[in-house]
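In the two assemblies presented below, chain A is common to both, partnered first by chain B and then by chain C.
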Partner chain A sequence: MESTFLHMNLDQSQERLKSILDMQDDVVFKEVYIPGYDRSGLFVFVNGTMDYPAFNEIVLDLSAAQVKTGHPISIEQLVNSKICSVKEEEINTYEKANEQIFDGKTLLFIDGMSTGYVLNLEREKTRNFAEPTTERVVRGPKMGFIESLKENIGLIRQYSSHPKLIVKQQKVGTLEKRELALIYYEGKASERLIKEVNERIDGVKETDFQDTGMLEELIEDTSFSPFPQIQNTERPDKVLSALQEGRVVIMIEGSPFALMAPTTMTMLLQSPDDYYERWVAGSFLRILRYFSLFVTVFLSGIYISLVSFNPGLLPTELAMTIAGTRENVPFPPFVEAIIMELTIELLREAGIRLPAPIGQTVGLVGGVIIGQAAVQANIVSSLMVIIVAITTITSFTVPQYSFGLAFRALRFGAMIFSAVLGLYGTTLFFILVINHLSKLTSFQEPYFQPMDFIGGKTWKDAFIRLPKRKKGGRLS
Partner chain B sequence: MNERDGKIVSGELAAIISCGMLGIGMLTLPRTITEKVQSSDGWIVLILDGLLIGLLVCLLVAMLKKHQVTSYFTYMEEAFGSWLSKIVGLLIVSYFIGVASFEVLAMSEMVRFYLLEDTPEEIVILTLILASMHLLTGRIKAIAKVCVFFLPLTIVIVLFIYLLSIRVVDLKNIQPVFSKGIMPVMKGMGTGTLSFFGIELFIFMFGLVKNQKKVRRGVLLGFFIPVVLYVITYVLVVATLTVPEVKAVTWPTISFIQSFEVKGIFIERLELFLLITWILQFFCTHAIYYYFAAEGMSRIFNNSYTTNLIILVPVMFILAEIPKNTIQIFKMSDMLGYAFPVILIGLPIVTFVIVQVKRSRRSR
Partner chain C sequence: MKRLWMLLLIPLLSGCWDSENIEELSLVVGVGIDLSKNKNEIMLTQQILVPPGYSLQENQAKLKYKNVTVSAKTLHEAIRDSLLLTNTVLTNHQRILLINEEVLRKIPMEAIINQSIRDNNTRRSCFVFLTKRPTKDILERADDGEIPSNVIYELKDNVKRTNKILPPLTLGQASSSLQSDGSFAIQAVEIKGGKLILQGAGVINNSKLVGLMNNKDIESLNWLNGSVKGGIIETTHHGTPFSVEVDKRKRRKIVTELHGNHLTIDISVGYTARLSEDWYGKENSYKESYLKEAERDAEDKVKQDVEKIVGKLQHQYKTGVAGLFRYVQNQHPKFWEEDKEKWDEIFSDADINYHIDLEIIDFGSKGGIK
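Let's turn to the complex of A and B:
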């Protein structure tokens, strides 16, 4: 498209702009008169993005301007001095003007001048900083990110004033251009990692992202894995500690979730308050989390294989009890387990979608009433209800929601393997999960490092959390 | 730590060697050794053999270090020339394939015996081979991680079970020491070495280790973990079951654990844990040998590693199908037993001597 230069005459400009913006009913034209110079000015902006108090101030300033006889200044100088705090650039063509208006900027044209001014009078619509809803901690900062990238970066800068903290911004997307920020500590994050992240982001620049979740899927190492290979968080304290560890943080305008890469399985099982509480409690909770992870995935599978293949391996009395509760149940253990596990997953999903007060009711109705009724109707055994309850509760202990989801899904795999091959199947599934984890990488860094637990210097902070003093007062 | 360089650290080397050694041996060793020694002195055999092989390992490490071996197959090429080294390599590879299919076969036998009576063995064998293949696409790094994860798990569980067994152990059963004199012990030492299947792998992993200075420490650590476990197992099993009974049962270690019940814990039958951990160990041993077979083949035939992984699946499957009963399975292990000392001792020494002579000639 050929660019058309702005007219000198204000009426012509206005007419031209109106014809370009014919369809747009939310574009506002406001004229201002500058009496001191006997000239008119024209403000053009999109209704709703305007910060009216700031706008009013400028209008007042301009209309109150007087020509000083002592040392007269030109109209350009006057306008420039009045708008210098919000001025972004000068434009010459209508095409540029069109672009800038919809970027939320305000345009100012003065009669008799062929340049227009772009003013940033945008008022961002944000909600207030609040406690993050997905990652609650008992003790620790209660601040969470919001949808405004500017505010979020400001928050990070507020806590970390180090000049080596680099924030690189670029626009991504085609229809909706959004700011994407890459944040890291220079010198701490490896060159290779930064290069890798940049390459991957360049590869998906043309996509429109509504949330970092979409970006995550496009830049992760492999899509064929149930496990999230990039960590996300709403918590500034988590982001800061990730930055200190030399990881890279990616944020997108409009998403309160920051991505942190690379990540490891150990990191996904750590909660910030492990570090804010005493180390004994922190270590205990961490071990509990590993244990519950195992229970979540394998308990139903072990139940199925023991009951349907090897009841002989159970203690005699327990085997009798189980047989007793299953006496009138017409289904094999696998069907019984699938019924209950599916029901509970449905309830959880329904509970999330519904408004909070009703969600709880659904949980109560589902959990208590259906469970009780199913046992009384002899559809499932009471032991099965207990097992499902345990696996569900344990699945909530994973601090990272998306990581917990992976294990919820894997549970069904374990159940199928157990139903087909008994205990050997359960073990085989365990082997397969460990195999998969061993091969998984996050930005070419190993995802699962069992060496963390037994060797090297890192074990003090992997499976358990030892006192900080032993680590030289550093959080690693 | 970079994922792509394909190097392992000495701790991972130790874990791989331990996992490679802890396979069928642990479950049958009280019987195989007692059969040869004919008394309860097998633990002395194990200790003496362990020390002997430990010394040998130190010697071999020193030899490999002296020649700065980065890959054993290129090293053999230097010694034997291109054609002969390919033939020797092929023999080694077939040994690896043999051990790999033997381990998976032994495991399927164990699973059939204790866990899945009605499921066809073929399914168990095939699923395990496929699971290994799944792991092996990640090469040595993935194996190292799995071993590092499984090994402590195994040790903890086994020691826990043994601790609970103390009550039934009667040490009078292994006394008196040297009841039949020293000669049977000396004779038993030959077969005793067979328990240390897996140690020969370090020769092939030598070039893969990142911190070369710690290789010896890694190998010895990886070697002595199983040795200690073997000695403890032997003493406990024979002391509980007595010599005649040990000789009569197929899986003495499992029979030993079945011989007692622990009251007061949720699970009274502890063999459940042993069976599960030993499936893990069988898997590790199998995967490690499978890996070296595939890796060796790609060196010999210059083809891709992934192709070899796929080719080996039917090969190992058919090989594991050949023995029809338990007796034939143990025959298979005897056959592999003859190859073991050759690969552990004979081959490295011969290779060393030839390379030494060739290199000194060249330098002159």
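Let's turn to the complex of A and C:
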């Protein structure tokens, strides 16, 4: 594109700009008169982005400017001194001007000058910092990220004042250019990792991202896996501890979720609570989470295989009870289990989409009406309802929502394998999952390694949380 | 991706060939074996659990089991014949195997339990009992709502509290005993006053039933073995009865000595016990000498009983039911290798010295000082 230089004459500039911005009804032109120099100024900005109180102050300052005798200053010096706090750069072409206006900046042109000033009078539209909704903790910081990258980075900088915390920003996207920030501790994160992350981001630079979730899918190691290979979080404390472990954090303007890479499976099963509570409680909860993960995937499968393949493995009394509850049920255990598991998944999905007050009604309908009625109508056995309830509850204990989703989906695989091959099939599926997990990598780090590979912590941290040791400074 | 789908479809080819829903199976808890009226046939009674059903209120009086009786030449054939009457039989949960005396008099025990042992569904931990009455009757006898097999199965747990029950004999133990020495005792089940009761025992030698024992004999045999786990020693002192409850076994030492072909067995056991009942009005339990005296009385009682049973074993049954052969086998392997065929004779001629050391460590929450 050919660049056209700004006119000296204010009227000409205004005419020219108006013709360029013909279609845009939200562009505002405001003239200001600077009496001391008998000149006019012109502000151009997009209506919705303007921080009016700040704008008013500058307008007041300019219109009240008087030429002091004794030390007369030029009009450039005057304007510069009045706008120095918000001035970003000077421009001299219309194309640049056009670009800056839609970036939310305010332009100031002065009659008789061939340069325009770019002022940052943008007022960001953000919500307030609030408690993260997806990762609640009982004890620990209650602050969560918001949609503003600037504020989020400010938050991280506030807690970590170390000069070696590097924040690298770049614009990505084609239609909507968004800021993407790469954050890491220099010296902690390995060169190889930083290089790898940069390469992957460079590869998808042209994509428009509305959320880090979209970026995650494009830069992960493999798409053919139910497991998330990059951890996401709304919690600054999680981000900070990831940074200290030498991991890289990626954030995008407009998304409250930060990505942390690389990730291991054990990390996804750790909650910040573990470290804030006493170690016994932390360890207990962590073991409980591993257990519930197993239950959520395999309990329905084990039920199916025990009931229709290996009833000899049940205690005699339990076998009788199960046979009793199943006596009038018309479906084989597999169909019964599929019906109930699908119903509960539907209820969960419906509960998320509906507004909060109705969501509770859905829970009631699901729990009481469907559960109770299905049993009384002999469509499913009462034991199946209990099992579905247990698998559902246990799936909620996974701290990372996206990780829990993976296991919810895998449950159906386990059920199919059990229905076809009995306990042998359940075992086979277990081996399959383990096999897949041990093959999986996250930024070329093995996903299944039971330790925090980068930090000083050992494998002991994977299953239980041992008492903290006093440590020296983390950065050398 | 295409290949992956193919792979995932492979398991479906097999179908669910082993699938058999639990409510369509007959869960066998107890099996009884009798002689059939037909010649050369045995009668098999299978006790099958019936699920309680969903609406409990309606069928509360309903029995929770049914017995299926069929006759055939072999057991497996009988089991298969029972499928004409009931659902597929699942013997994984079988808890007891009852064998009628008549059967064991006629057919070797090894043959009787052969099918159960071979079949890998029936557990080796299933317990074997002997019955005087037809097993069919035993398996039908129970109080309302109780399952006879379960009643018998649970009674055997009382071995910790009484010494009138033989240590339970599992199918696996029976099989291995039949393989090695071939003589052991087997607990019997009876009906008394309309109730199931563990009473008496049978002596099996070389797969045949050679004799019967009463409860007293069982008790004495348990003492001889040192397999007493609890129970009471009941005797008298100062002309009044008193009883001592066995607490814990402290030691058991069995030494065998050979002089030529003559075997001497020294059995020495030590138990702690408590004085649990004493009718003597002038008791003085706080005095050690009083307790020592009681200990001696109880020891004498046990020794007398043991002597009686040893006499009975050596002269009446002429077989070493007590499992003492294992000690000979371990302590004199060479002798055992050569003469194990003659074990019954050797045992019958052996000198058995029995020594018991009882220590009363407790006299409960009441004692006198008169």
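Heads up, the rule we're going with is that the second predicted complex is superposed on the first by the 461 of 476 C-alpha atoms of A that agree within 3 Å, B and C clash if a C-alpha of one lies under 4 Å from a C-alpha of the other, contacts with A are read in each partner's own complex, and residues count from 1 in each chain.
Just so we're on the same page, a contact is a pair of C-beta atoms (placed from the backbone, for glycine too) under 8 Å apart; a residue touches a chain by one contact, two chains touch by 3 or more.
Computed from a predicted model, the values in this text were never measured in an experiment.
Contacts of A:225 after superposition: neither chain B nor chain C is touched. Looking at the shared chain after the overlay, A:332 reaches chain C, while chain B stays out of its contact range. When the two structures are aligned on the shared chain, A:311 is found in touch with chain C, with no touch to chain B. By the document's definition of touching, of the two partners only chain C reaches A:324; chain B does not. Once the two complexes are overlaid on the shared chain, A:448 sits against chain B while remaining clear of chain C. Of the two partner chains, chain B is the only one that A:423 touches; chain C does not reach it.
Once the two complexes are overlaid on the shared chain, A:432 sits against chain B while remaining clear of chain C.
Once chain A of one complex is fitted onto chain A of the other, the partner contacts of A:40 are absent, as it touches neither chain B nor chain C. When the shared chain is aligned, no partner comes close enough to touch A:169: not chain B, not chain C. Put simply, chain A uses residues 309, 313-314, 316, 421-422 to touch chain B in one complex and chain C in the other. Residue ranges of chain C in contact with chain A, taken from their complex: 11-12, 14-16, 18-23, 25, 27, 29, 49, 51-54, 64, 90, 92-93, 95, 121.
Those residues of chain A that touch chain C in the complex are listed here as 307-309, 311-314, 316, 319-329, 332-334, 378, 417, 419-422, 425.
Of all residues in chain A, only 309-310, 313-316, 318, 421-424, 426-428, 430-432, 434-439, 441, 444-446, 448-451, 453-456 touch chain B in the complex they form.
Listing the residues of chain B that touch chain A in their complex gives 1-4, 9, 11-12, 111, 115-116, 119, 123-124, 127-128, 131, 134-135, 137-138, 141-143, 145-146, 148-150, 152, 261, 266-269, 271-272, 275-276, 279-280, 283.
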